[in-house]
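Chain lettering (A, B, C and D) follows the sequence in which the chains are written, and residue indices restart at 1 in each chain.
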Amino acid sequence: MIKENTKKQDLLWYVLIVVLLLVPFIPQVAANSFTQHVFILILLYASMSQAWNIIGGYCGQVSFGHSVFFGIGAYGAGMAVVKFGITPWPGIIIGSLLAMVVAVLISYPCFKLKGHYFAIATFAIVEIFNRLFMVWYWVNGALGLDYPMVKTGWTNFVWYRTKIPYYYGALILFTTIFSIVRFIERNRFGYYLRAVREDQETAEATGINSTFIKLSAMALSAFLASFCGAFFVQYNFRVDPPMVMSLQVSMVFVLVTILGGAGTLFGPLLGALILIPLQEYTRVLWGGLGRGTDLMLFGFLIVLIMVRQPKGIMGLINEYLNYRKTRKIISAQPEINS
Amino acid sequence: MNFIKKISIIILTTLLVFTLVNGAAFAQEKIIKIGTLFPLTGSCALAGSRCKAAVETAVEVINNSHPECDVPLAAQEGLLGGYKIVLVHADHQGKPDIAKAEAERLFDQEGVYTIVGCYNSACTNPASMVAERQEKIFMCGCSSSAALTERGLQYFFRMAPTDKTESIEFCDVIEWMNGTKGANLKTIGIIYENTEFGKHAADEGKLAAAEAGFEVVVDVPFSPGATNMNSEVQTLKAKNPDVVFGACLGGDYTLWVRTMKQMDWLPKMCLNYCTGYQDPVITEQLGDDANYFMGGTGYAPEFAELMPAVAAVEKIYQEKIGVPFDSDSIQEAVATFILAQAIEKAGTLNYDTVRDTLYANEWNSPLSMGGKVAFVSGGQNAKAMSMITQLQGGEYKRVFPTELSTDEVIFPMIPWSKR
Amino acid sequence: MPLLEVCEISKKFGSLVANSKISFKVEEGNIVGLIGPNGAGKTTLFNCITGIYKPSEGKVFFDGSDITNLPPYKVARLGAVRTFQIVHSLKEMSVFDNVLIGAYLRERNTEKAREMANQCIDICYLTKIKNTRAGDLAIGHKKRLELARALATSPKLLMLDECMAGLTSTEVNESVSLIKSLKKKGITFLIVEHIMEAIMPIADKVVVLNGGLKIAEDHPEVVVHQESVIEAYLGQKYSKKFQLAAKGRNI
Amino acid sequence: MTMFFQVAIDGLLTGMVYALVASGLSLIWGVMDVLNFAHGEFLMLGMYVSYWLGFLINFDPLISWIASGVFCFLLGILTYKLIIHHCLLGPPLSALLATFGLSMILKNFALNRFSPNYRLLTGTLLDGKRTLIGNIVLPMPQLITSIFALVVVFIIYYVIKRTRLGWAIQATAMDKEAAELMGINTERIFLLVFGLGGLCVGVAGGLLPSYLAVHPEVGGLFGLIAFVCVAMGGFGSIPGALLAALLIGLVEALGGFYIAPVFKYVVVFGLYLLVVMLKPKGLFGW
């Protein structure tokens, strides 16, 4: 039965990728750069949240500190292009490795903390990083780094007139991160992550080095988040601390994942699919009024989902599936009896 | 179950509405769409909403016949023989990434001809790059970062004086005071919000001070939206500079002044970049405490005799938003007028022609101080100027340059205890 | 060489002495019962052995190596695996996944680990409920799930902390027979237990603690006759019963 | 030296306001294990209540804190009924995110209704008054607000430690099920605790407009600092929150003055990290 499920899921996964590959060929999308923008953001935010999901969802360590890693990746790319005038790729790699190191260094002491204490400690870390980057002269502090005009193409990962390559870039990012998580989910590491989430003491008693597991999950998560940060900069041609390294950015990671369903493979995608178009289109419709109507609606939706289904949209779907299953069983019962 | 249905209905309606809005073509042919892009939510929402209203005012004057207004294009209706301007508003929330996305949407989806914006320099930068890449014109009213017009963009025009010119003017004032009044001002302190805007202003301030030979003894960046500014003011007080340059936005500005009052400290002279200081509600909020501060001002209601044409336009503006123009918002109106004038003069909507026309002429602009606008390469308005004013009895008195001044500077600032 | 050797273990919490110089040995293939009244320091001793607490003094040797200050997971990796008095199941995961996590300790390959987990589930009679969420189980099943997860790690020594408390008598019997059959497979047991009927018949040796001290260590039938044990722990009812039984045997 | 004491006193005065904001949060956290993300926005609305009373019918903040306290009490109760109550069943994070959503709603509601204008009450009773102790300046609005804060914190503490209601709250905090068995209506206790949390922050909000401008974004940093105070003080401990708040106020002022103003929050958050590294459950945590 498990086997069967896996196959079904595999099929769903391949279909999804093929559909996403074909999205730019839909004439409506191809003609509409804003729709492309929304699609890119969906993929990017789904990837970001999936990176967070590794540590926050599967491993249960709710970190509000991911914008630090996101920001380091972003600055890696930004510094390479703006300060050193080279292609962003070395910066991205160095940034991501650096993010990994920073993740391990800051989370090792923090893992001593439990629950809300951990969450608030990560808050504090974001605020500290944010304010330090705000005054760090070498990375231009509060001024931020603005991209100069550079040659377009994959070497610089910059395009000015089209968004399709960005779309495919985001798709590559998305597929990579989702595949990694999908692989993890079904293997030893994934089970260990969940064991640590559920009960650390039991996990230890079963021979799991929970500190190592948490640290490696954090490192992996930071590495992937950092890639997303680099993509974000390459897409927006600018990086400054409030944009990439603030509590608000961190909240996006958490929000998307939890809304979709933490600790599930498709949760982040579902969360992004709902949240991002909502955010973008409400802004388009009501943002111009300048009355905060869009953000009020956005907040209202978050409250609504949390109140009605605290486990997120995946929880909703699971509930629905279970409901159907039990109904099937119930309807099958009389036949057995008779 | 029910909930799934509800959610999907919500989402579907949202999408549906969006597609409808997107698809709805304007029936009227003779329109020019112009996008506005300002921070309408978030910490700069106040300034953003004023700028938006200023653009609306300008468009109102251009589109309809307003013979009472003595500004170009007011008497006639529309442009190019009947073209009307239609505004599309967008909100960038003070975030550069959203500014870029919205600029793209305005150009690609809404099909606007040009964008007026974005107040925050950090947002103007990426948004104007979008325009530049598409070779479309971007009109910037009041973003003050000098770097914006040093990028060598072809299609970017900015009306307001930069913080660079303001800084130089500040130093001129100090020199003038030293020269004519024997003020003996030597040291400068800078207090600024640690954001793109504040940092730029402070950097330019330091450069200008160094060039003029003043010593910057203390440099206090602070995080905007602070709960208190005790340590900031204490730091200033400890170093006790003769002159303080301030770059603080509204809420922080009141907090700053109040804190100085509590600490019972004032510099001899206080010069502010055009922000919190020239907000029209500041005198209402701070009462007498607001007095004797000085700053660069591009426009204040007290300038009526210098700029007689503003009053009629300001009336329309005030109906919309309840306060008079301030020097930020009026620049956005100027931007709109200049663009309209250029289109009218060029006689076409071709971007290159309009751009060349913009560069080639000196524009008559009754809403700008000095009444003229002319652009130099990079898009800076070379005629942009501001005056140094001092708040006296709740009014912005012109004090420098001397040829336009009406009142004497009250120097040094009257200490709190003697008010 | 004994499989587990506890040498002079003491554990103090501030001024409270929970264990004082306790020593005993567990031979390979035996079932050793660790008994004593509430607060005797049994669980503390367990925690000292498995590395959850660091003992104040003394040493623990397992399978020839010193495990005194090793962290819990290293102890578990060496093959000494415990269960908890208050069940700690991984609530949001299914029974199968719970056991699978145990199986992964020795087997990285997912397919093989699954096989192993299935075997352990069969052994512990959990097959029917293997897809149930662990948090939804009844207490009896939870206790057996703990056992199954520990078992899946292929331990040399299984340390059970009151794995029968709160079970019905049928369930206790099931568990007893399960332990017996596992013993035949060569697993050594160290069992903390309150239910005397369950532990006495199967133990090869019992160690009795009282007030942090070891007061007896011997074959169950011998222990129950020791005055100190009777007084300290068994109380009137059992002592009479056992003494009667002993008398009966004598006659 | 005068400078040092001046700065330290300023810091302590700020700290006491933090304490009042944080004690409400601490209460909620301690009893329900819920972090209220909208706490700063409660403060903001409390400030608006006080501001409008002052602006429209000339009430002094010294009176209108009662109104804003009551307002935030009701707001707390409403929040609990409509949102938190439902979230308690889910994972611990759901309440946090729901209140995050709520904070967005409240912030933008204020923007929508009251416009982004910053507003400051002028001509209040205490406006601009100061006292001097030696060379040290004590601004009256801050001083009175701080004293009020201290009194309210002590009252709350007293209520919890010494009254029947307080015991019921404590019992609920320690073990909800056991408390229910003892005949305590925990549902009502939760409701009340959320109301009390709102009350604390409402009182703070009522007093602040006498020297702090009100605008829709004003609550953000207060909320964040309250979080840190609470976590630093320890799980639900009001004395802990008080001590932490005073410490934070002090460190903020001294750090801001002796290191650099721009680093003052870095110092505050750094201090928090240091404390929890040494005592993972906060100063008074258990």
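Everything below uses one rule, namely that contacts are C-beta pairs under 8 Å (C-beta built on N, C-alpha and C of every residue); 3 or more make two chains touch, one makes a residue touch a chain.
Everything numeric in this text was worked out from a predicted model, so none of it was measured.
**Q** More C-beta contacts across A-D or across A-C?
**A** If we tally the contacting C-beta pairs, A-D comes out ahead.
**Q** Taking each chain's centre as the mean of its C-alpha atoms, give the chain farthest from chain A.
**A** Result for max centroid distance from chain A is chain C.
**Q** Using mean C-alpha positions as chain centres, tell me how far chain A is from chain D in Å, no decimals.
**A** Whole-Å distance between the two chain centres: 32.
**Q** Based only on mean CA positions, could you tell me how far chain C sits from chain D in angstrom?
**A** 50
**Q** Return the distance between the CA-based centres of chain A and chain C, expressed in whole Å.
**A** 44
**Q** How many angstrom lie between the centres of chain B and chain C, each centre taken as the mean Cα position?
**A** 76
**Q** Mind pulling the chain B residues that touch 2 or more other chains?
**A** Expected reply: 41, 45, 48-49, 194, 221, 223.
**Q** If you look at chain A, which of its residues touch at least two other chains?
**A** Expected reply: 131, 134-135, 291-292, 295, 301, 308-309.
**Q** Which parts of chain C, given as residue numbers and ranges, touch two or more other chains?
**A** If we look for residues of chain C contacting two or more partner chains, we find none.
**Q** Flag every residue of chain A that touches chain B in the complex, lowest number first.
**A** The contact residues of chain A facing chain B are 32-34, 37, 131, 134-135, 141-144, 146-147, 160-161, 232, 236-238, 240, 242-243, 274, 277-278, 280-285, 287-292, 294-295, 301, 305, 308-309, 316, 320, 323.
**Q** Using the touch definition up top, name the residues of chain A that touch chain D in the complex.
**A** So the residues of chain A in touch with chain D come to 62, 109, 112-117, 119-121, 123-125, 127-128, 131-132, 134-135, 247, 251, 254-255, 258-259, 262, 291-293, 295-296, 298-303, 306-311.
**Q** Give the list of chain B residues in touch with chain A in this complex.
**A** Those in contact with chain A are residues 1, 3-4, 7, 10-11, 14-15, 17-18, 21-22, 36, 38, 40-41, 45, 48-49, 52, 88-91, 93, 95-98, 100-102, 104-105, 108-109, 122, 125-126, 129, 133-134, 194-196, 198-200, 221, 223.
**Q** Which residues of chain B touch chain D in the complex?
**A** So the residues of chain B touching chain D come out as 41-43, 45-46, 48-49, 194, 220-223, 225-232, 234-235, 238, 250-251, 254-255, 258, 261-264, 281, 285-287, 289.
**Q** Under the touch definition given earlier, write down the residues of chain D that touch chain B in their complex.
**A** 3, 6-7, 10-11, 14, 17-18, 108, 111, 115-120, 122-123, 128, 130, 137, 139, 142, 211-213, 215-218, 220-222, 225, 252-257, 260-262, 264-265
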